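These are the structures, in structure tokens.
Two complexes follow with subunit A in common, the first pairing it with subunit B and the second with subunit C.
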Partner chain A sequence: MARIDLRNIVKTYGSHHAVENLDMTIEDGELLVLLGPSGCGKSTTMNMIAGLTEPTSGQILFDGADVTSHSPHQRNIAMVFQSSLLYPHLSAHDNIYMSLKRSGLSKQEIEARIAHAAQTVDVTRLLDKMPSQLSGGERQRVATAKAIVREPAGFLLDEPLSALDASLRLSLRAELVNLQKRIRTTMIFVTHDQVEAMTMGDRIGVMRKGRLEQIGTPTDIYNRPATLFVAGFVGVPPMNFLKGTLEKADGRLWLINPSLRMEIKGEFANAAPQKEVILGIRPHLMRLTEAGASALPLTVYAIEQLGNEAIVICDGPDGGKIRVVAPAGFTAPVGARLDATFDSAAARLYDPASEQVLAVGKKA
Partner chain B sequence: MADTTRSDTPAPPRAAEISNLSFALIISVPVLLFLLVVVAYPLAYAFYLSFHEIRFFGGYSATWNGLANYSKVFSDQSFWSSLGRTLRFTAETVVLTLAVGLGLALILKHLPAKWRWLRALIILPWAVSPYGAGIFFTYLGRGQTGIGTAVAGWFGSDHTLNLISARFVIEYLAVGAAWNMAPLVAFFLLANMLTTPARLYDLAKIDQMSRLETFWHVTLPPLRFTLFVFSCITTVLAMKTFDYIFTATQGGPGGASAVLTYTLYKISFVNLDLGYGAAMSFFLLAVILGATGLLYLLWGRKEERQ
Partner chain C sequence: MTGRNTKTFWLVLAVAVALLWTFLPMYWVVKYAFMTKTEIARFPPMLYPPEPILASFFNIFGFDYTTAEGTVFKASGQARQIILGLRNSLIVAAIVTAITTLVVVPLSYVFARLQFPFKGKLLAAILLSVSLPPVSTLIPFYTLYVQLGLTGTLFGLIVVTLTITIPIVAWMLIGFFRNLPPVELLARVDGFSRLYTLTRIIVPMARSGIMVAAVIAFLFSWNEYVYAQILVTGSNAVTLPAAMSGFLFQVPEPAQLAASLLLSLLPPFCIAFFLQKHIAEMHIA
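Entry: the complex of A and B
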């Protein structure tokens, strides 16, 4: 169990910047999820925390001590890899044993710890089996036992569930979170699946192109996405975006585009008039209405019935798709004209150039 | 579902499908017939010869002499010494071929990207016929033309260094046989190695395995079955090697490389003692079957169970 600090970490491969100036703190006992599309640097970051890859520059601290040049074993980390990698020719027991072979513990103590770890993740009856005789979920549990048996300072998981089928993922997700809370180990979980990230993480670090876009609790990330990328990447269905220009009239702020003229009620610094902006609004915060003055004209493209609600996918005024959540059972023919409204105070404004949110603050 | 597909009109007749067995027979019967002609017939004829004394003087004659040819083999000193050479050559060839093949595969696997084309090139020695390899290794080993003398020359010596000496000719020939065969082994081992996920090496690092342990637990397991198969193949090939040794040393110097196949050749086709040669050749067949059977019992069964 340890608090892990990354200070100004840079990793380059030739001219390719895999990770750029990464600063991040993972609190002791926290479950942090690193989320991002493939190639965003999340696995590289995990490899550097593990000690499998050395950063080009920067520092990694475990409980304040610099471990940047330490080997994985010296850092006392444990890792579960994609598709729950195990040594294929060793039994489940011997696979777990390999984690402690160099620990210097007595044979008796090693066996006691293997038994305890196996019991924790409920694989005691599988210990004699070979990896090829185990199902995907069982392999996952054995790999987890192999990791926790070391009583690691940090527990790293690299997309361990991505190769499993959906229902198994769902139950193992809860199992892993439950385990992490019971053993209170600092855990870092890498995934490209935003649902997995939202459901598991105490906090989520969203990465893109080697940069940390935002780090925060799932609620934070969902309600206050700091960048356009985070806004579009997190949340199902994804956030809607509308392009427009800000204009000041009658002492109020308006968003203008060819099909819309809407008053913006939030307070935005940097919101100078004539500024091009992108407005983001969650589908859950929109309502379908009768055609009205400040409503958004939409054309129905498809409707997804989810049972508890329906998602109406529409062609928006500026060519992009707009999704609106409607009551369950809502129907409309494809091509039908609809209008939608939303409370502009719930919307977020982004600068199309910097892709950053326009900071909420005093009126410009 | 079955009900919904049923209808009033009768289904069109399905084309008759042949079973797997009949298909297998159809495509393999010509081959089996061919094998019968080119393998079974000579084998049966050799079996017939082995119970006769064959003479060519005064016209061809075959006289039944029962097990006399077989019992003569047991008391024949040249049989036992030839068998000893065959076993020595085989053991050395198998060990060298597998070791060199494994070494080559490890090197090929770790080649930097711009040298990967060497992976294709490495197969070339295998493309050399045993006949050609024999001639090649004669010139390479001989005192006047060989590499031994050349290397001695680099160190300022003017002695000739003959690698084809009575004492070590078997070892020298085994090196040549391994040179011929190891690239193929390396090729298959490399293919096996590339199936090992790279992350397994990271797991070994986290478990603080030594290089030897990593080799043993990560690199080697997927190769073991291939190594077993090639130990069998190489054993059979080494025991039946003839052309390579015939062109390299003609059994020399002074009979020092007269392996069983070479002695058989001398008996049957130089001395024309066909009956005796046929009987002795069945001992070679027994040794080949025995050696591969032993390999399977001691090693192959273990690999199969995994």
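Entry: the complex of A and C
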């Protein structure tokens, strides 16, 4: 267990910047999820924390001690790789044993630790099997046992669940979170799946193009996305965006685009008038209504029935898709005209140029 | 005939042709090895030896053979060459196999798993040397060897055989190593050095591939004829293929030639038999 600090981490490959100026702290005993599309630098970041990749510049501290030039083993980290990589020619027991081979512990101590780790993740009866005889979920558990047996300072997982089928992924997700809370280890989990990130993380670090876009609790990230990218990447169905300009008239603030003139309420005090903006609003905060002055004219494109609700996917006035959550069983023919409204105070305004948030409707 | 039956028919036909192609010449050789010269000379040819006789096997090892009726089959004049050849072939093949394996395992590993400058060009160089027919380097090697005094020596033959086996086996093993899972990452996290990772993790994992690579090195060396014919024939370093070719330039002894051919088929046959499992595993991998 350790608190992990990243200070001004830069990693370049030739002229390609894999990670740019990353500052991040992972608290002791925390489960941090690094989330982002492929090539965003999240795996590179994890490999640098692990000590598998050396940063071009910057510092990595474990509990305040500089470990930047230490090997993975010296840092005492454990790692589960993609597809729960194991040594294919060794039994589950020997795979776990390899984690302690260089530990200098006595033979009895090692066997006791293996037995305990195996029990913790319920793989005792699998210890004699070869990796090829294990199912995907069993491999994942053995890989986890191999990691926790070391009692690591940091437990790193690089998309360990991505190769598994959906239902198995669901149960293993909960298992991992439960395990992390029980053994209270610092855990870093890399994934490109935002549902995985939302459900598992104490905090989520969203990365794009080598930069940390935002770091915060799942609720934070969902309710207060700091950038346009985070707003669009996190949340199912994804956030809706409307382009427009801000105008002040009659002492009130209006969002104006060719098909809409909508009053913007709430605490948009920082929003300067006449500025190009993008308004973001979650589909759950929109309602289908009668046509009206401040309603958004939509054309039905498709409807997804989810059982407890329906997602109406529409062509919006500016060409983008707008999703609205409707009651379960809602139907409308494709091409039908609908209108939607929302409480503008629940929306967020983003600057199209910097992609940063400009103003929020209400302080949450 | 339904589509399924047609398919089965062609499959059976293809297998039959392949079997015939492989086994017909072998059948002919086996048959000859157990016949006498006069039986072989008969027309139409006999389909099997009427009374299988081991005379040729005794003859090629330098022993006269007397039948129960008192007919004597004289020891072959090639016997000394055959015995020498058998011994030398085994020595050369064993040494070539050992050196090839020792050189090729680390070489292929480095090419398959590490990044370094000019890797692509060096890899192309290996492929190029695989694609060169041995005959094309025969004369340069010969003149070089004459000047160095290496003609007629086992050492010279081993060196020249290595130039064939190393590139081709490396080429094969590079592909095999490339397909192994990235366990180096696990090994680094577990605190193992690169050398330990190669010798104690990668090599055991790649056992099948390395075994098959060694067999291929052995077979290439065992079957090597072109260089041996030019560099060592008639010397004390003669190998079995070169020694056998001696039969072609003497009074025809087809039965003895067949017997020595059969002898030369024996080691590869045994190896293939005992390593079936690994060869199959290699295909799966």
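Throughout what follows, the second predicted complex is superposed on the first by the 355 of 364 C-alpha atoms of A that agree within 3 Å, B and C clash if a C-alpha of one lies under 4 Å from a C-alpha of the other, contacts with A are read in each partner's own complex, and residues count from 1 in each chain.
Throughout what follows, contacts are C-beta pairs under 8 Å (C-beta built on N, C-alpha and C of every residue); 3 or more make two chains touch, one makes a residue touch a chain.
All of these numbers come straight from a predicted model, not from anything done at the bench.
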Once the two structures are overlaid on subunit A, check if subunit B and subunit C clash or fit side by side.
clash
Pick one for A:102: touches subunit B only (first), subunit C only (second), both, or neither.
both
Should A:71 be classified as contacting the first partner (subunit B), the second (subunit C), both, or neither?
both
So which positions on subunit A get touched by both subunit B and subunit C?
50, 52, 71-73, 77-79, 81, 85, 87-89, 98-99, 101-102
Touch list for subunit A against partner subunit C, complex:
50, 52, 71-73, 77-79, 81, 85-89, 98-99, 101-102
Give every residue of subunit B touching subunit A within the complex, in rising order.
197, 199-200, 202-203, 205-209, 217-218, 221-222, 306
Help me check something: in the complex, which residues belonging to subunit A touch subunit B?
47, 50, 52, 71-73, 77-79, 81-82, 85, 87-90, 98-99, 101-102, 130, 158
Using the touch definition from the top, list the residues of subunit C that touch subunit A in their complex.
181-183, 185-192, 201, 204-205, 207
